[in-house]
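Below: one structure, written as structure tokens.
Every chain is named by a letter (A, B, C, D, E and F) in the order it is written, and numbering of its residues begins at 1.
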């Protein structure tokens, strides 16, 4: 008997992934990344110099900001700018994306330059943070190339590549790769895996609001996530060719 | 002798205008509208009911919110959500878009329903407010059709169509239609014209930070804007076919 | 048959306009301007130096802030300071006043000095923005004289004078000059005209939330507004004598 | 030998006090109160009903908000609305004014009605809080009369009158009544006294940033403040006649 | 050869853990929890009813807020209340604590009651979030007992216990349990483990800003964290006896 | 007949006062001060340099911030950081504490150094501001000693000591020293007295929301407060021994 997911995928299958480079004209790097219906616009902005607390260190800086358009979701949410404050979830994901990319950066080779990755979710259907990380890496590569073109680098700032995917168990205990919104809502356990192209972990975030999970279950999810990240790494390479 | 503009257009020529409907999957109406490199994503969200101050009146409501992504522009701007307040320009344009669309709405026919038009500038190259209004009208039509499909209307809420364009004089005194960013920055006088499909004015906003303008000069700009809006009205109809 | 307005004026008659200079003791220029019951206190503050982005340019700066006292209106409004944010209308009008005054300023002659015009509405009965602009010009002249007295000018910074008035159609289609609150609420179309003393337009803002207007109707309003601004210019001159 | 103050007054002399009632057309009570160059506009707003936490109690409510216009002072201050937060001094004085007036209110007689006293400082020259309290009492009386006219009272809500004045020592140890800005800045000790018309204390706030004061010195200041409040009470009665 | 840590511990040794119940008099549950010099005050507040979006569901709610006193750290930080916004880290940790405790709650048995856990860091020396979770569980038990005493429960709301600890590698690759601030700053990889008393994972958060980690290294950290959580569970039980 | 208070004290008796120095490890001075159940943690932070407006003056600066933990009180209050603004009461008390300590500081002897006193109320049972001032003085002494140890002083910055206590009348007119929360709520008149060790007043704040008080009643309260401050001064000396 074959198991089919809500959108017809097998449990270990990614959604259709599209990575469109240079979607914007002004940004030094830009990507429209799509994981199925999830659609994130990433813009990489390069500026000379680093934040004040880092000035004179000879080291570069990479940071990220994530935000959702108000109608990215099924029902409209208020804009964070109108509410006058940034929500906890937005902060948390912005920080995750920044940390993930910084893990493959050689700050010294980057020189005293800053790259900001703006990840704006145009449409959300689950996995916005993992799509953002996966796309942001590609935009980051283009921004680094821009700096290389200017002769502003002190070496090769990219030590590895980065990709990310979500994994989780459905109600029946089947492990699923790259959860869409409906699957994500139903999942008891949800794990986000951020990995390098060389197969090491940058970030592992597993959460059980429903049923706590065992060490063996964690192992199953890590296996599935590792395979998913490897596939995404291949797609990034293809986009960058 | 022939005059050519920075991007090769004649003075009375619009940039290439593209109106892509249904760019989003969740919103009741959505449009990606492009005036050359200016690219605005409009999402129309329908909700049953109206703001508290209007409840029980039998009248509907239409409003708009405008915002720019941080890297829509040539250099990155800080997010308004992070600064904790919405800037004056953002407020001013949001209010203009809302007023412009409400001018063609029959509130009674709309019934006690609200339509919010989120206009997010993905890329800016001048004329973002006029592109937003022009695209928002198309998204509004689709949102109204959605309500019609639900049997939630009390009549035909759309009394007319709306389109908008900018016009201005260059340094040499030539009147130009649909200014791009570089032309806009150089213009001494800048006029935004919002018109109905039937050729009447909804909003006329002329500003001279540089040289104040005469009644005759205003007439020249109004002629040019009227012609531009008529062309845009035709493109809206085509998109809606 | 003679038409009479709610307050007994003829259609093309201004309300009683009073411009009281030096209403404050500390400010470098100050005016209490009254258009009938509308009462705006304008204070011009001079400071040496300009905002950071303009420093070293040799150019001066003029800006404005508009705000209403909570009980300026018929019913009390919450203070914007307590709500923690400035509303869209407040921003929009502050920007309009600043642009209007800058249109007659020669920045180079002003030298690297800044003049801030605070326009606080003590009582509102329609036309607060036009009263504010008309009064602010007079306070600006006094602030410029103060700088002249200090020998801080590089020439004559005032290229012209500025006055502003509102015009609109009532329900019966009669064009009215200088609308009071009750007329303004009832008007289908509302036009604010900002003009120089020499009769050129600085800003034309026409809005039709009710019925869109034709080119001919716009012409009628512009004629009326032009006449009203000329009268206001005369009153400014008289006050400055 | 006769001592003279900076503005020619004797030590125990008030500045010229003017209390102009009905300075506004819309507010239920309004006063322009002047203590020399200090000029505070007080508007009393009446609304039916009380804040949620008091609803159904049968008791009324009185509260106050104090704020300074940006150019009330010798040099311009930023607006609290633009900074997005209300400063500590503004909060502190608003609370003092509210408490002072509530001390003479019989909440039950007021019925479930609210009176808000907006005290906006148009010009500041020391003693703005005491001028505000003194003027606010007069505006409060007019607002209570307004309620009486509507038949909305359950008895006499005003149990007494309220006036306030500042007192302090100059450098030479002379006790001064009603300090102007320059005297206030130089004073080592500064006491604000809020009293009822019947000569009892509502609030006594003495502060020594400079030299701490003895019990005897406190006595001298209390005597002087008591006399000053009695004079102000007489002026309030005259204004209300 | 024996390895010793900066504070004399062995690699797999917890700091001295103290859990003082009823540290406060008003709160329904309260704990001062100490992991070495890290000192967190947890107050559990019980209220009848649940947030609006949950009203009428028959389900309870548990949430948490985390914050640091300004001088909890080696150098003083500005208060988030004064900056007017809550930082990303504060949000992220508040959310983590809330999720962790909700994982062991049976909402139906809790009835429509809310328990808020305020975790205020009085002194920080690494591991503040894990100390907060470990202490918050104990305060939660007391708050649940309080509800039981009132007869407000519908069953047993606590399905399990929760404890948390941090683990990481030092520069030399030794895995360390319960990192103090200095060890945490130096660690390349840092893992926070939240577990139930029955030995299942609620949350696993591993981060490598320095060197990405392998699957084997993750295994070593999970083993160490599992042992640490078991020890903490024992200490919680002892405190609750 | 003997009068007894709600907690068994005589009218002129302080609650049990405990002053625990060095409660924190990082701060340059720290005190846990307890007035009965009122418990305030004071941390003194020393930094080299002074705020910008004072730089180069050769003078030091002392300031204070006061805040309550959300569950310091009988029922939980929202955090000011989450509400995005600091309340009026918090501001008012912070300013009072700062002024009180500055009254005994010789700025020149302090040199260009800043001491910030963070007073966080862990538990509130009336008199939090007076406990905070009394404890803050002790933490200030330790911070000054820290600066002395660094050789950073220009003389003796402490001109005197500071203590504070509340006094008030109960319903029956008995004067009470050091009011607990329940007494404070019931009191018609409430006076906070801040005094130097040498018996002079720094701040006297008397408030009558209930019944205004006479000069004689004020005298009774001042006598009682003077005695209370003398006792607190003795306890401070003991703690500092």
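By definition in this document, contacts are C-beta pairs under 8 Å (C-beta built on N, C-alpha and C of every residue); 3 or more make two chains touch, one makes a residue touch a chain.
Treat the numbers as computed from the prediction; the structure is a model and nothing was measured.
**Q** What's the overlap between the neighbours of subunit D and those of subunit E?
**A** Per touch definition, common to subunit D and subunit E: F.
**Q** Could you find the chain whose CA centre sits the greatest distance from that of subunit E?
**A** C
**Q** Starting from the mean Cα coordinates of subunit D and subunit F, work out the distance between those two points in Å.
**A** 27
**Q** Go ahead and note the Å separation of the Cα centroids belonging to subunit A and subunit F.
**A** Centre separation, subunit A to subunit F: 51 Å.
**Q** Roughly how many whole angstrom separate the Cα centroids of subunit B and subunit F?
**A** The mean C-alpha positions of subunit B and subunit F differ by 59 Å.
**Q** Among the residues of subunit A, pick out those that touch two or more other chains and give their numbers.
**A** Where subunit A meets two or more other chains at a single residue, that happens at 84-86.
**Q** Order of chains around the ring, counting from subunit D in the direction of subunit F?
**A** D, F, E, A, B, C
**Q** Can you check the complex and tell me which residues of subunit F touch subunit D?
**A** 85-89, 91-92, 94-95, 99, 102-103, 160, 191, 195-196, 198, 200-210, 212-215, 218, 222, 226
**Q** Which bits of subunit A are touching subunit B when the two form their complex?
**A** The touching residues are 24-27, 30, 37, 41, 43, 45, 47, 65, 67, 69-76, 79-82, 84-86, 90, 116, 118, 120, 122-123, 125.
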